[in-house]
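First chain written, first letter: the chains are A, B, C, D and E, and each begins at residue 1.
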C-alpha cells in the first residue's frame, strides 16, 4: 500500500518538477504511439468496413483470423520485426533496428487487427441499416465504405482509442525492436520495465501513473473534441 | 431519358430457408405506364419490387431488363416501405444521391433547394433526418428518390404515413413525374389511391401472381373472386 | 536483475536470493533483511564485440586498456544501463579506465535491459558489450559477435547466497532456505558447478568455504 | 527470413512430438487466460451494457476513463498486483504471489476495461433500437441489461474474443506476478520471453507460432459453434 | 381493470434544441373512451402520445395521471409508428412482455397461442420478427401491446401498412378491447377510420392544440376553418 502511495508521490514530483528525462520519454511515447495509431487506422478502418460490406467466400475465415490476430503476442511480433530488420535480415540495409521507426512498425502490426476487428463489428450494424439504400443507389464499393466510415465515425472512435491504448501501454515488442536505448528509443513503458528490473518500484509506479494520466488526457481530449456524448448528436 | 426500359420475369422464384415466398412468376412490364402492385399483407409485393430493382436475390428463374443490368440500376430509384434515413441532416440526405453521381457542388445546392421546397421540408433542412416525424421521413425518402430524375421509380407504400393534403400533393407530383416519361411501379393498400393513379395492376396472392391487367378493368370487373374480395376488404382466401 | 531480486527479498516474497553485487548484498545484510551472506561460486566477465574487432581490443593487455581502445574510436558500445550487478561492474571498469560513462555520446547505448536483451541489441547493431561468461555461452543469437577480451582478474564475478531473515519475515521457509544453502555448499554441488560446461567451456568455479 | 522459417519448423516439431513441456505450458496458458476471460466477462459485459442503458451525470467521464483504462500498461498492473499480493502488502497473507491465481487477477484487471468498452460500443446501437420499446414496457434496469445482452450476444462475442486475445498474448504483467517459474507459473508468453532473452529465436518463434495457432483455434472454434456468420441469423 | 385512469396536462411544453415542437397544452382526458389524435404531418401527434405515455421528456408544465406514475406506466401499452421488433422469433416477441411481468411459462404459452391466432400470424410463429413484411410487423406490434391486457392503449397509426381486410379485423379487435374497458388513444391519417372508431377528437396543428371535442361534432361540424380544410385534405395553414 505504502509503495503505491509513494508511487503516486513519485509521479507527482516527476510532473511538477518537469523532469527533463520524463518529458523526453513521454513525448517519444506519444510520438511513437500516435504515429502507429494513424498508420494503423488508415489501414484498419477501411479494411474493417470493407469486411462488413463485402460478402465473399472466405469471409468467415477472414473474420475469425482477424479476431485471432488481436491476440498476436507482442513478443513474437517484436521478434519477427527484429529478424526482418536486423543486419542479416531482408530489410537490414535500411538500418531501422533500434530506431523509433522500428517501434512504430511493431506497434502497427499489433494494433491493426484490433482496430480492424472493432471497426468491423461496429460497421456491421450500420451496414445492416444502410444496406438496402446504398445498394439501391448503386454506390461503388468505395462510396459505401466512405459513407459508412463517415456516418459511423463515433463508433470508429472507440476502435481507434482501443488501438491507441494498446499501443501506448505495450512493452514486449518495442523492447525487442527499440532496445530501450537511453535518449534514443526509451519510452514510458520500457522505462517502467527498466525501473521494475532495478527494483525501483516507486519510480516504476510513478512513470506508470504518468502513463495512465496521459491515456486519460488523450481520451478526455478526444471525447470532448468530438463531443461524442453530447445529447442530440447521432 | 432517351431510351425506355421494359422488363420480363421468367420463372422467377424467391425462396428463403427452403420456403417459397414469391413465385414462380412469369411477367412482362411495358416500358411506360404506372403499374400498381396490389395484394394482402405478406403477399410478396415488397419482394417483387425488390426483385425488379435487382436488390433481392432470386433463387431461380431470371429477371431481364431491356438494357444492361448496371445501366438499369443506375437509372432506377426506390422508396422503401420503412424509409432509411442516413444519419445526416435533411439536406445532406437529399444531396447524397447527387454526390455519389459526382455532380458539381453548385448544381447540388440548387437541386436540393428545389426539392426541399417540393416535398415541403424547407424549414427543416438542417434537422437531423433521424429526428423527423413518420410522415416527414416518407417525404424525404421520396424526394431523395426523385432528385436524380430516375427513369424507373419503385415506390413501396409511399403515402402510408402521410396526411390527406400531403398525399394529394405527392400524387400530383407522381403523375407529373409519370408524364415526363418516368416508369412507375408502386404498391399501396389504399384502393382509392390505386384507382386514381394506376394504368395497370399486378395482383399478388400468397406469393403468386394471381391477376394482371389494365387498371380500369381490374377495378371495375375483377376476373377472380379473390380480387373482388380483396377490393372489398373482405376475407381473401 | 540483481536489483529486483534484492527488492523481492526485502519484501519477504522469496526465502533466499542468489545474486552478484557485493556492495548491495552487504547493505542488504546490514539492514537486517538477510541473516548472512555466503559466497558460493564465481565466474568471469568477458568483453564481446564484432568479430572484425574495429577497436583491436583483443590486443589489449588489461580490461582498462580494452575500454580505452573502444573509447578512442568511439565504437558503438551497449551497456546494460539497468543498475544490475553487471552494469555496476561495467561502470566501475570505465572509471578505473579513467572515464565517466554518464558523459559518453551517442555511441554509448544504455539499453536498460536484461543481459539477454542487451546481447540481442549488441548483436543487432554489431556493438561491443560486457557480459558474464555464462550468459554469453547460453546465448543463442551470437550473430557476428565473439569474445574478444577476457582473463583480467578484475573481471572476476562472485555469486553469493543470502537467506532472508525469518525474524523480519516470519512466514519465510527458513528450513528450506537452510537446506538449500547446505546443498549449495555441499560436495555434490561443487562437482556439478565445476563440471557444468557449455560448448566445452567451464563456466563457474566453486569457492564456498565449508 | 531463415530464422522465421526455422521458427515455423520448431513449432511444427514441438507439436508433432507432443513435447510434454509444451503441452504443460500451453494448458496453463489456456487455463489462466480462459479463467481471466470468464471472470472479466462476468464483470464487463453487464457493466458495458449498463453504461449504454443508463444516463447519469458522469457518464461521459466514465466512458472516457474506461477507454483510457484500455491502455493500462501491463507492467504497471503487474507491479500494483505484485505490491498488493506481496508478503508485505495488504493481501500478503493469502500467499497468492507467484501462483496462477495471481496471473489471473492481473489479466482480469487488464482485459476488463477492454471488454467493457467494446461491449458498451456494441450495446449502444442496440439500445438505440430497443430504447422506446423497453422503456414503454416498463422494464427494470436489470431486465433491460439482460435483454440487450441476450439479443446482442453476437456483438459481445467480439468483445470477449478481443479480451481473450489480449490475455493470452500478454506477458508484462504475468511475468511480474507469476514469476515465470518452471512447472508452476510458466506460460507460453513468459516462455517466449525467456527464450528470447537467451537468444534462442527458433524456440521463441516456435512457441510464438504455437500461441498464434492456439488463438486461431479458439477463434475458429467459437465462431463455428456460435455460427455467427451464418446467413439468416440475427 | 378495477380502477380507471384519467390524465390532465397542464401547460405541458416540449422543446428540442430551443425549438418548441409541442405545446404549451392544457388538456384533460376522461378515464374512458376512444380518443383520436388528428393533425397534419409534423403536427406533434406522436410527441403528444409519447408525452402521455411518459416516455418523452417534457420541457415544462406537468402531466398528471389519476394513479401514481409507476402504476400508470405499468398498465399502459404503446404501439409505435414504426414497429420495433426484438431480434427474436415472432412468438418470442409476443411472449416478451409477459416474461418481464414474471408470468408462468405455461400461461405464457397459452396466451401467445391465442394472440398469434388473433393477429393472424400463427403460421409464422418461429420466423425471425425482423424478416416480417411491413404489415405483419404492425400486427405483431399490436398483438404484443394487447397481450398484457393494458388499461390504457396508445396506438400510433397502427393500420398504416395494413390491407383492407386486416384493417377491418384490427378495428373490430380495438372496439372489442374498448368495450372491455380499455382506454384507447390513437392517431391515424385515415379520416374514414377515425370516424368509424373515435368517441372524441384532439386536433393538433403546428404543435398546438387547435380543437378538441366529441367525434360526431368534430367530423360533422368542425368549428375552425383549419379543421375543415384538414378533413377535406386541403391545405391547412
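We take it that a contact is a pair of C-beta atoms (placed from the backbone, for glycine too) under 8 Å apart; a residue touches a chain by one contact, two chains touch by 3 or more.
Not measured: the values here are computed from a predicted model.
Common neighbours of chain A and chain B: there are none. Put simply, the chain farthest from chain B by mean CA position is C.
If you tally contacting C-beta pairs for each pair of chains, A-D comes out on top. Each chain gets a centre from the mean of its Cα atoms; for chain A and chain E, those two points are 49 Å apart. For this pair, chain C with chain D, the centres built from the Cα atoms lie 37 Å apart.
Shown for chain E are the residues in touch with two or more other chains, namely 16.
Of all residues in chain C, those that touch two or more other chains are 114, 117, 120, 123. Each of the following residues of chain D touches two or more other chains: 89, 196, 201, 232. Every pair of chains in contact is given here: A-B, A-C, A-D, B-E, C-D, D-E.
Listing the residues of chain D that touch chain E in their complex gives 129-130, 132-133, 135-140, 143, 147, 151, 232, 234. Partner chain A is touched in their complex by these residues of chain B: 53, 55, 70, 73-74, 76-78, 80, 84, 86-88, 96-97, 100, 128, 130. Interface residues of chain C, counted against chain A in their complex, comprise 1, 3-8, 81-84, 106, 109-114, 117, 120-121, 123-126, 143-144.
Those residues of chain B lying in contact with chain E across their complex are 16, 39-42, 46, 81-82, 131-136, 139, 156-157, 160-168, 189, 191, 230-236.
Interface of chain A with chain D (complex): residues 1, 3-4, 59-61, 63-65, 67-76, 78-80, 83-84, 89-90, 114, 117-118, 120-122, 124-126, 155, 158, 161-162, 164-172, 176, 188-189, 192-193, 196, 201, 204-205, 208-209, 211-212, 215-216, 218-220, 223, 228-229.
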